[in-house]
Structure formats: C-alpha cells, structure tokens
Amino acid sequence: MAVETHYIPAQPKARTSTVVLGAVAIAALLAAPFVVYPVFMMSILCFALFACAFNLLIGYVGLLSFGHATFFGGAAYFTAHAVKVWGFEPLAGLLVGVVGAALLGLVVGFLAIRRQGIYFSMITLALGQMFAFICLQAPFTHGEDGIQGVPRGHLLGLIDLNQPLAMYYVTLAIFLFGFFAIWRIVHSPFGNILQAIRENERRAISLGYRVDRYKLGAFVMSAALAGLAGGTKAIVFQFATLTDVQWQMSGEVILMTLLGGIGTLIGPVVGASLVIALQNYLAAYDFPVTVLIGVIFVICVLIFRRGIAGEVIELMRRKAG
Amino acid sequence: QQVSDNVVKIGILNDQSGVYADFGGKSSVEAARMAVQDFGGKVLGAPIEIVSADHQNKPDVAASVARQWYDTDKVDAIMELTTSSVALAVQGLSKDKKKINIVTGAATTDLTGKQCSPYGFHWAYDTHALAVGTGGALVENGGNKWFFLTADYAFGYSLENETSKFVKSKGGQVLGSVRHPLSANDFSSFLLQAQSSGANVVGLANAGLDTSNAIKQAAEFGLTQSGQRLAALLFTLAEVHGLGLKAAQGLTLTEGWYWDQSDENRAFAKRFMEKTGRMPNMIHVGTYSSVLQYLKAIQKAGTDATEPVAKALHEMPVEDVFAKKGKVLPNGRMVYDMYLFQVKKPEESKSEWDMYTQLAKVPGDDAFIKASESGCQLTQ
Amino acid sequence: MRDAPLLEVRDLNAWYGESHVLHGVDLDIREGETVTLLGRNGAGKTTTLRAIMGILRRREGVIRLRGQDLLKLPLHKVAQAGLGYVPEERGIFASLNVAENLMLPPKVAESGMSVEEIYRLFPNLHERRTSQGTKLSGGEQQMLAIARVLRTGAKILLLDEPTEGLAPVIVQRIGDVLVALKERGMTILLVEQNFRFARKVADRFYLMEDGRMVGSFPGPELDAHMDQLHEVLGV
Amino acid sequence: MSTIFGIPAPALYGQILIGLINGSFYALLSLGLAVIFGLLRVINFAHGAQYMLGAFAAYLLLNYVGIGYWPSLMLAPLIVGAVAVVIERTMLSRLYSLDPLYGLLLTFGLALIFEGMFRYWFGAAGKPYSPPAQLAGGVNLGFMFMPIYRGWVVIASLVICLGTWLLIEKTRLGAYLRAATENATLVQAFGVNVPRLLTLTYGLGAALAALAGVLAAPIYQVSPLMGSNLIIIVFAVVVVGGMGSILGAIVTGYMLGVLEGLTKVFYPEASSIVIFVIMAIVLLVRPAGLFGREE
Amino acid sequence: MEFRGFIAVNNVTLSVNEGTVHALIGPNGAGKTTVFNLLTKFLTPTRGQITFRGSDITALKPAEVARLGLVRSFQISAVFPHLTVLDNVRVALQRPSDLATQFWRSSSILSTLDDRAMSLIDAVGLSSYAHLPAVELSYGRKRALEIATTLALDPAMLLLDEPMAGMGHEDIGRISDLIRRIARNRTVLMVEHNLNVVSDLCDRVTVLARGEILADGSYDTVSADPRVREAYMGTEHA
C-alpha cells in the first residue's frame, strides 16, 4: 500500500532558509516558557516527539502502526516504576523506559513486519491490546489508578527538576535530541533505502536488500523514540496511567501526524501542538471536544490531505517554481 | 490582604463528555454555581468565581488543566474530580502546590488513605461507604448469599472486597464472583453464571454503562423472577432514570442523598431541576455542599490562604441540604449518613423522578473508615 | 456517408496534473478503418488513447463519436457508446479469476464474440480459466485483456500495444484476428511499436512526436515514408 | 451431573448458546464492515456509530413519532443508509483513489462527530427500549432461561447474513464490486456506473449496521457509546475471517462469539482480548485470514 | 514448480555457462518467468536443485541470492515510482558500496555515487530525465530505467525478463548494444520475444514449452527445429 505522501527532497537552495527557520524555531522554543505556560509546552513537546517517532514509520516506511501506544505508555510505566519504586535518577529512569520500549518494539516488530498493509496495522493493534491488558492486570501498574506521584528528582543529582523551568529545558533538550535523531535517520543512506522499500518492496528485495531487517530496524527505532517521549511524559506529569497504553492513544497519535502532515518532519510537531492545545483549551468550553476533533479530522482528510505542514511546504514549493 | 488576587476561584474539573458525564458532568458545575449564589456571591468582600473543565477521563489532561489553574489562573481550589485516576493525580498535585481539593466524584478510599493530603477532602461517597450500605444493610434485609459481577480493575476489586467483608461480618456468605472486562456490553454469560450459583443477591461491582447493561439484561434473563435480587454498588438516580423503572425495578443501591427525603431536599431539587432539567444525585448535591462549605471556611478563617482554610474545613461541622451533622476526619474524609434504597416498580411510581423507596439508613460512623484505620500517614 | 469520420479528434490537449502532454492532436477514424499510431517512447500515444476514453480527465478540445461529443460524457457512458479499451498495463483483476475477468465488462451490443469462440482463439485462457487473473503469465494476461473487449460487442477498439510480450505465433494469431475483425466492420485504433505487425493490418498510419501529430499516410504508402519513419522512430 | 473442565455440562451448553447469540451481532456487524471493506477498500470506522444511529433511530421513532419496533426494523436502516449515501457522495467518494488509510481516518472522524453529538444531546447513560410485546418473556430450555427476543435475534441475523452473502457472491454485482476496488477507473471504462455502485454499497453496509442497532436496542442500553468499543472487536472479526471475505466475516462472527462466551466462563477477565489473541495467531499463521485469498 | 496442482515448470535442467548470453524463449505461459522466479527464489521449487558458481542456492532467500550476484529485472516494470531516476539507480548502487545501513550519516555522502549512476542512466538513454520521478516516465522509459538499476549492482549474472518489451526501435538498438557490452565479462540469461534481438545477441537458446525444455542450442539450430516453429515462432520467422 503506497501511502500518498509527498516526499520532498531537500533542495539545495532551501537549505539556508531551513537553517534560518530552524534557528528561529529553536529560539522560540527557548523563550516559550516565559510566554506560554511551561507544563502545557512540555506536554506538547512530549506528544510532538511521540508523533515524530510514529511518523518515522508511517511517513518514511509506509507502515501504519495501530499499536504505538504500547511503546509510549509502556515506557511511561517503566520509567515511572524505575524512578518511583527503584529510586532511579531521572535520566537512568528514562533509559529504562527507552530500552523497555525498544525491546517491546523488537517483539512487536518481529511479529508484525512480516505482514503488510492493513494486516500489519491489525497485528500491531492486537499486540497493543494485549499489552494494554497486561498493564491492566499486572500489579506494578496499579490498575486504573496508575502509578501516581512519581518524583521528578534531580537530573544527574544536580539539576532540580521540580523547578518548572529546569524541567522545561530538560524536556526541550530531550525533544530536540529525538527530533534530530529522526531527522538524521530520515536523511541518511538508511532512510533512502527505507523510502525505496516503501515504494516497491519486491524490487528492493531483488536488488539484494534484506527488507525485513530494515523494517525491523526502523520499527525498533520508532518504538525507542516513542518510549523516550513516554518516559519523559511520566516524569513531567509525575504519573503513568492506562490511558497511555490504550488504542485510543494510538489513534490520537495518528490524528496528530495526519493533521500536521504525514511524511514531513515538522508536521507531527504542528499536529501534536494543535491537538494538545485543543484538548486543553476546549476543556473549558461547553462544546464537546470530540466533536470538534472529529470535524477537524474530516476537514483535514477532505481538504488538507497533506496536513497543515504538508500544505504549507507544498505552497512554498509551488512558489519556488 | 485577606483574599489572594481579590477573587476566590473554584475549579470544577470532571468528565463532561465521556462515560461519567451523567454521573456528575455539567450539572455539577451548575450545582457549584448554586452554592455560590446561596452564599451570596461574595466572600470576605471578594467576588467568587467558578471555572470548569472537561478532563475527558484523561489524567494528563486533568493534571495539566489543574496545574495551569493553580499556576496561572489563580484558582484556589479544585473540586468534583470524577474517576479515581484523575482524583489521585490532582490530589497529588494539589498537595505539592499546597492547594485545597475536595473530591465528590471519585470512589477510591486511597484519597483519604495511603494517598491522603492535608489539603485534600473526600466529600460524598467512597467504596467503603457503598460496601457498608449495600453489603451490610442488605444482609440484614435477608440478602445473605452473594455472587459478584465485578469490573476487572482496581475500583471493581475494592468494591467487591469491601462489600464481601461486610456481607461476611453480618453473617452472610459469598458464593462466588466473576470478573468481567470493562465495557463488556454483553453480560448474559456472567448473569448465567450468577443465576446458577444459588445466590440470592447479585452484587454489581462496576459502574456506569456496565451496570446499566447488566441490570437491563438481568431483567431480560429473568433473574429477579427466579428470586434473585440485584444490588448495584455504585449507581445513582441519574442512571436509574436513564435505565427506566421497567428494567431497574427491585434494584437496591446506596446513595447519600435523595430528593424526596424531606421538604428541604425537595425544594433544592426543584431549583436544580429548573436549571438543569434533571433531578440531582449525591454527586451534584455533594459538589454543592463542598463549595458551600469551602466558602464558609474562608469566611471563618478570614482569609483564603490554604492552611487556615484547611484547618477550618477540618474543624467545622457540615450542616446543609446535603449532610446533617456531618464532620470531617483528620484524614480529610467527610462523614455523614448514607441510605440504602430500592428502586420502585413502574406501577408504584407517581412521577417521572419518583424512583426510590428507602430501605435503611447507614449512620456515617459506620459507613466510613475511621481515620486511625485508614492508613493515612497524617493521622498516625 | 463513408467519408464522415466515425471518431473525430480535434485540437486535443491533455495534462497529467500540471504537465501538458498532448498539444493539439488531430485524428480521424472512419468507420471500418484500422488506424495505427506510431511514435517513440513517451511520444504521447498512450495518453491519446486515455484522453479519448476519458480515463484522463484533464483535457481540452473536441472528441466526437458520430457527431456526439464525448468530452462531457462520464466515463462509463463512453464505453456504453461503443468504445472498447485494452490498456497498456493490461488491467487484469487479481480478485477475479480468468473467467470472471473475461465476463466482467458488460455487453454494449450483441455483436460480440461468444465465449467459446474466444476460448478457441486463446486455448491458454481456457486451460487456466479458474486461476486468479494476475497469476497468468505476462503474455496470457495480454491475451485476456484483448479477449475481454472482444466479448462486449464494442464497435471501436482502442488497443494499446496488444502484441507486447506475446510469442511470435500469438502475435501472428492476433494479427489474423484483427484482420477478421476488420472484415466484420470493426473500427480499430491501434498503438504499436512492432510495425512489422502493424503494416499487416493498418489502413492508415499516424506518426506522433512530443504530443503532436507529425504525419499521416495510408498503409500501402509505408515504404515510401521510410525516411520520415527513420527520422521520427529511429528505425 | 456431568462436568466439563469443572463446569457442569448444562451450564456449558447455556454458555455456548449465549455465545452464539452474541456471535449473531458480531456476524451482522462484521458482515456490513466486510461488505464495505471488501468492495470499497474503506475501513469503515463509522460502523459503530452507524450501529448506534440505528438504535437511536428506533428509540427516536418510538418516542417522538410513535413508530414501534417492527416498522423501525425497516425504517431505521433506511434512514441511516440514506445518511450514509450522503456521506459517500459528498466525502468518501473523493478518497477512493488514495490509500485506504484516508477512508479510515475520515470515517473515524465521522464516528467522533456522531458519538459526540449524541452524547451531547442524550447524555452517556443511555436510553431504555423495550422488546416488542410479541417477543417479550422467555422459555425455559432446561439448562437455561432463554429470552425469546434473543432467539429472534439469532434467526434474523442468520437470514440477513445469508441474503447478503447470496446477493454479493452469486450475482455479477459482486464481480463488479471486487474489480472496482482494484481499479475503479478501468471498470468504469468498461461501461459500469461505478460511482453509483459504490454509493449503494456503502449505503447497504451502513444499513446493515443500523439493522444490527435496532436488533440490539432492546438488549443493550441505547447509548451513544454502544458502538465505540464494539467497532474494534468487530473489525478484528473481519480480519480473522479474511478481509473482504463475506462468508469469512459471517462464520468468524459466530465462531468468535462462542469462543468469547467460553472465555467468559474459563478466564472471564481475558474475554475482551481473546479476539485479539486469536487475531494475532491467525494472522501470523494465515496472513490473509481464515477465509481470505492471499494476494 | 507446482501451483495448487498446476505444474508450471517440470523437470527443467538448464545450465548457463559463465560469460555467455543465454536466451530463454517459448510460448506464453511456458514457464519462463516462473523459472526466473525460481532462480531468484521469489518462488520455492517443489523439487530440484539450483547451483550458482558451484554452490547450492536452493535454500536461500531472495535477497541473499541477489547478494551473491544473481540479479533480475521484472517482466512487468518495477521501479521506485516516487524516487527520481537518479535515486532509483542510486538505491541499487548503495548496497554493494555499503552505504545502506548507516542511519547516523547524512545522505549527502550518496552524491559520491552520482557519477556512476549518471553513466548508467546515460547508457540507457535517460540522461535528460535523471531528475524526473519515475512515475512520470512513459512505459518504455520505465523499462529502460529498470535495466539501468539492475546493471548498477554490477551482478555476476543478469536475469532479464523481456527487457525490450514496450521499447521503441531506437531503444532496442541501444539496449542491445548495452547488453552486448556488459556481457563481455558477465553472464546474461534473458527472456525475449523479439527474435531479431535473440538471434543477434545470444550465444545459446533454450526453448521452453509447457514447462519443459523443447529444444536447446544455437539460434540457428533451434529455429530450424519444426517443433519450435510450430509452438512458438509461427510461419513468418523463416
């Protein structure tokens, strides 16, 4: 299944403007907590990273995972548990989350990548549901109450993360690390092959590529990065709950990515920001949130199929000739 | 200056669009507004404001709304807090931020137990009270052999466990239980198991739509005809109304308030009805009471600073339309009387909302855990 | 009225998205005639057929069948008007077996070949009639694609490289079929690279280059135009 | 009394029968989903919402227009089918040339809208709906008490499933539709009015969902959320049966109903995921599902 | 090879000598593509053995076979549609140059492959389309691109499935020259229905019919065989 995405090769002349835009964006992110409420920004950053990780699969390998909540929520539980129960330092706790998510990714990926298209999605969904079930049953997750009251602690024993600004900049650093990791992967020789596999798998095989390994590699990377996002979220919000492992969360990340623009690097960030902002701001209004999200979904699919970022990029590309 | 920022802001945070929307939902916000109105709109000369938000049953949405309320919107206290995961998350946050929170919509006894807070209060029901009410009182009414249909999560287990304890302590027997997944939709299989268990009471340790569907299907499979009674452990007037008397008749349940209990209640319910189009249940009136009591505490403390207000809340008796001779334990638990009700048959009902017959009254001291036994660190 | 063209194409322009591929193509086919389009790879032959059929929707100009404007018709009406299309990529359906593929297009007239006739013509298809359409060999798929429109009774066939990938014996057989069809009064627009084959059946040739018609001559004059062919086709 | 794995045999028969009844709903819903997927390649996430709409249509017809159960059985599917036709014409039809993902996302969005609006209007607790008087009550089968209404559900669903299957598999219509999913343009180029065909198919699929909704109304609470959890299970049923295989959807629907019923006896907590476990195993062993054709 | 009871290729013993151009011809449905699929392991033989340069490859996976230097093209064109022509060829060049698994480096290092890619593209006559996405090529040019991609792997043995199908005369000439050139130090096995090309290019011809070998030898011997004429060539190719 060839997802209609719009792979835009980096154009040399666009380079400088990309660098400038990137610098402006980073400056804005650095200044953000003084303008916008920091916890809200952190929430956006966590979900943006999650969406980026998801986009690595759908946008660049063409695999629609319907079970990515497993890695996000799973890592949240692992990190929360490591920090709260084992008393790990936050960074070590995050590492536990990421490694845990990567291992989950290895298992899920190993089973799922051998299937294509909708069957792939369904296997990831099925395994995701099983994982959610385990989370519901396992004692360490505390059922529907979740792991509450996770201490933020001191990063490397030095930086007090209970300071909102310190927590914000650490989250920002993690996000940027993840974002650039994805950027690197996508624009690497490995990323090229992923693209080719998505375009025509049989041909890639006939050229001697062990396609399954590439897909599995990408899957594990995506899972690990989703785990990084989930672990960070557990520390920022100080809890890990079932909502993060349920299929609705997997659906939400699809929404974010689609809204922003599948297969564009910045798209998922835009999409995640919008969805999180809507959820937070609409919370105070009378109008049902889900209806509005549904409407946005429909409009996006019908009109802005490339997603917000995708449409903007397309517009700029047309202008450029 | 007595009142911070010259305004007292109370946040009502609950589920307004999900499965628990009828349970509390927007009507709770309305109840809070009524409390402000009844208090006179001002406290210590400062205006009172109610803000509200829909947490969509997501703890992280709830937590970020709560943080934002505390950090930037100058909210002084958060109330209602339907569902345990949200209530626990917000209570934890409030404790860190040294802010007052009063829970009416969540059931877990952990709020005043392991995870209690010096500034956290639990105002309406909890799993223990429901268990005492339905479990204990029903055995005395002849329901001595129990079988449980339990929702497969922490809330369900604790309802089942606590209820079993009271059933046994009153000399009843628990013949078995079956754990069903959340949102199971079809309960016939479980009901069949209950039917063949030989129990005379089937306890429904679940909530919301699950309970409604279980009751409806129990009627379909003739459970009550074969002599079994249904006891819903967490069910309120709003949901009985949604189910209809035809399906719900004979059901026993515990609630902390019913509109037809006194003239005062009827008068309150009438006002509430005019505003919301429905009769209040214990969550709505509990929210009303918690807001009112909070305002009274500010009045008494002469400030809206957290410590003195919390102290006042702990000390003041509760005496309003919701609770008579209510008192607040050191762990934050508000103690008041609960009631065991039975749902009327359609032919007994005189009006749309005439639905309960009172079976028993459960005194507050029996209904709620003693502070010393709650496991709350603050009381040891 | 033998002279009024059955299918008349005037100043046809067509686009794939933004890219303009046909630049004012003119083409006439008279009733009962077999016309062959020649041109290099990428000259726009396939595009011409797709534009006539209406599969390519972005087009301008005039396409008339017996005076009726085809440009405005929805796609399925074009087929119902009597045009049968054999696409270059064959378009065999994987979810149907061979027989179902064959029976798929609704009949537009009673004059089509019977299934028995078709199976006699292509015994391979008969032998493999219950297997999945796309499991056929490349050549067999080509046969199926041709056979499919022969059944419908379409009066005008648009054939896009029907001999591609076929064994010489089969090519020869298809040549015979086309000649037979011609005798029955069928009108054919053929796109072909193999002009050894085309010369056997064509009444007239059109030459295409870069989305334009650059020449046209009657079939028998092929040899006289060898120079031009050489230049345009690199023969 | 004989026992099987520690469960008295008659109780087990009862459970199997109940499983079959639930299977009827799975079959009916997955049938509609399979029709839509098999023919339009659209994963109709709005299927749960359409099922809910069917039930609500019946409820509203009864309470506002005074139309009872039997006419609703016809009317509600017609209404929902008409809504679906409008959706297909105005929105879905623009997505056929794209990846199936977009159809899924669109219908997902529509499901959110429908469910959100109904929750806004009617609340989440749901509304009551009683079985028609003719089907009230039950019979004692010895090993269990069988509500008559449930018996009717089994019969009705069997008839509907069979009818739909015949319509699609045994007529040319089926071949058109299957071919159109692969290459709609080409089928249309052969002279088939594909757009209309697709519209009607979507309408039919949605009507089937609505019909299931009306059948369900007397059993479950008529609630805006009644379909949202079901959709994902039903979808799993379709996948296990083999996407696009109508027969597969029907048979698997009944089969999984029974399996789920048995799980409710032996390991009730897992009854919500047993379908997913089965789906994972089936897909790993038989990638195209039990009745699916490998591509 | 058996497909659900249908035997597509039966008892074929085929040996291709190193350094030759070997043609596999035969009527449609004879099993030629199936033989390719078997050799490159896209299908698993029901019975039999395949050896390549002395080692048994019967049990290998498709990608492994390709890595040994046995590379195929497809009868129904297979390109990476949304990659440019240049990128299409580069994908093939990446693997032998070990520039495929590195996810930590910038893809700009791939420009080291550009020269080789361009010379291949030039060889098949696509240089003016190098920056066009492959979808936008006409059918014949897609086929040419596919050959360039296959050649990019510098395989020891090439399997070409109807390389000339759909190509114009000019291109046929060009590709024929190209195949002749590359065949100097490689082995080529090709399926082709264009008999001019076969007679012109191939050292040896094997004729397959109904899954079995009908004839084998030089073009002249084979084309003189009446059975081959009847089953395959028809009367015109005398």
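As written, the chain order gives the labels A, B, C, D and E, with residue 1 at the start of each chain.
Everything below uses one rule, namely that contacts are C-beta pairs under 8 Å (C-beta built on N, C-alpha and C of every residue); 3 or more make two chains touch, one makes a residue touch a chain.
What you are looking at is a predicted structure, and each value in this text was computed from that prediction instead of being measured.
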Moving only from a chain to one it touches, give the least number of moves from chain A to chain C.
2
List every chain that touches both chain B and chain D.
A
If you tally contacting C-beta pairs, which comes out ahead, C-D or A-E? Let me know.
A-E
Whole-Å distance, C-alpha centre of chain A to that of chain D, is 32
So the centre of each chain is just the mean of its C-alpha atoms; given that, what is the distance between chain C and chain E in Å?
28
Using mean CA coordinates as chain centres, what's the gap between chain B and chain C in Å?
76
So, what's the distance in Å between the C-alpha centres of chain B and chain A?
37
Out of chain B, which residues touch more than one other chain, so two or more?
17, 152
Among the residues of chain E, which ones contact at least 2 other chains?
none
Residue ranges of chain C touching at least 2 other chains are none
So which chains end up touching which?
A-B, A-D, A-E, B-D, C-D, C-E
Please name which positions on chain B make contact with chain A in the complex.
16-17, 26, 51-61, 63-65, 67-68, 71-72, 84-85, 88-89, 92-93, 108, 110, 115, 152-155, 157
Please name which positions on chain C make contact with chain D in the complex.
53-55, 74-80, 85, 87, 91, 93-96, 100-101, 103-106, 108, 132, 152
Chain D touches which residues of chain A in the complex?
1-4, 64, 111, 114-115, 117-119, 122-123, 125-127, 129-130, 133, 137, 247, 251, 254-255, 258, 288-291, 293-298, 300-302, 305
If you look only at chain E, which of its residues touch chain C in the complex?
3, 6, 25-34, 75-76, 136-141, 144, 162, 165-171, 173, 193, 195, 231-237
Given the complex with chain E, which residues does chain A contribute to the contact?
2, 7, 9, 184-185, 187-193, 195-196, 199-200, 202-211, 214, 217, 221
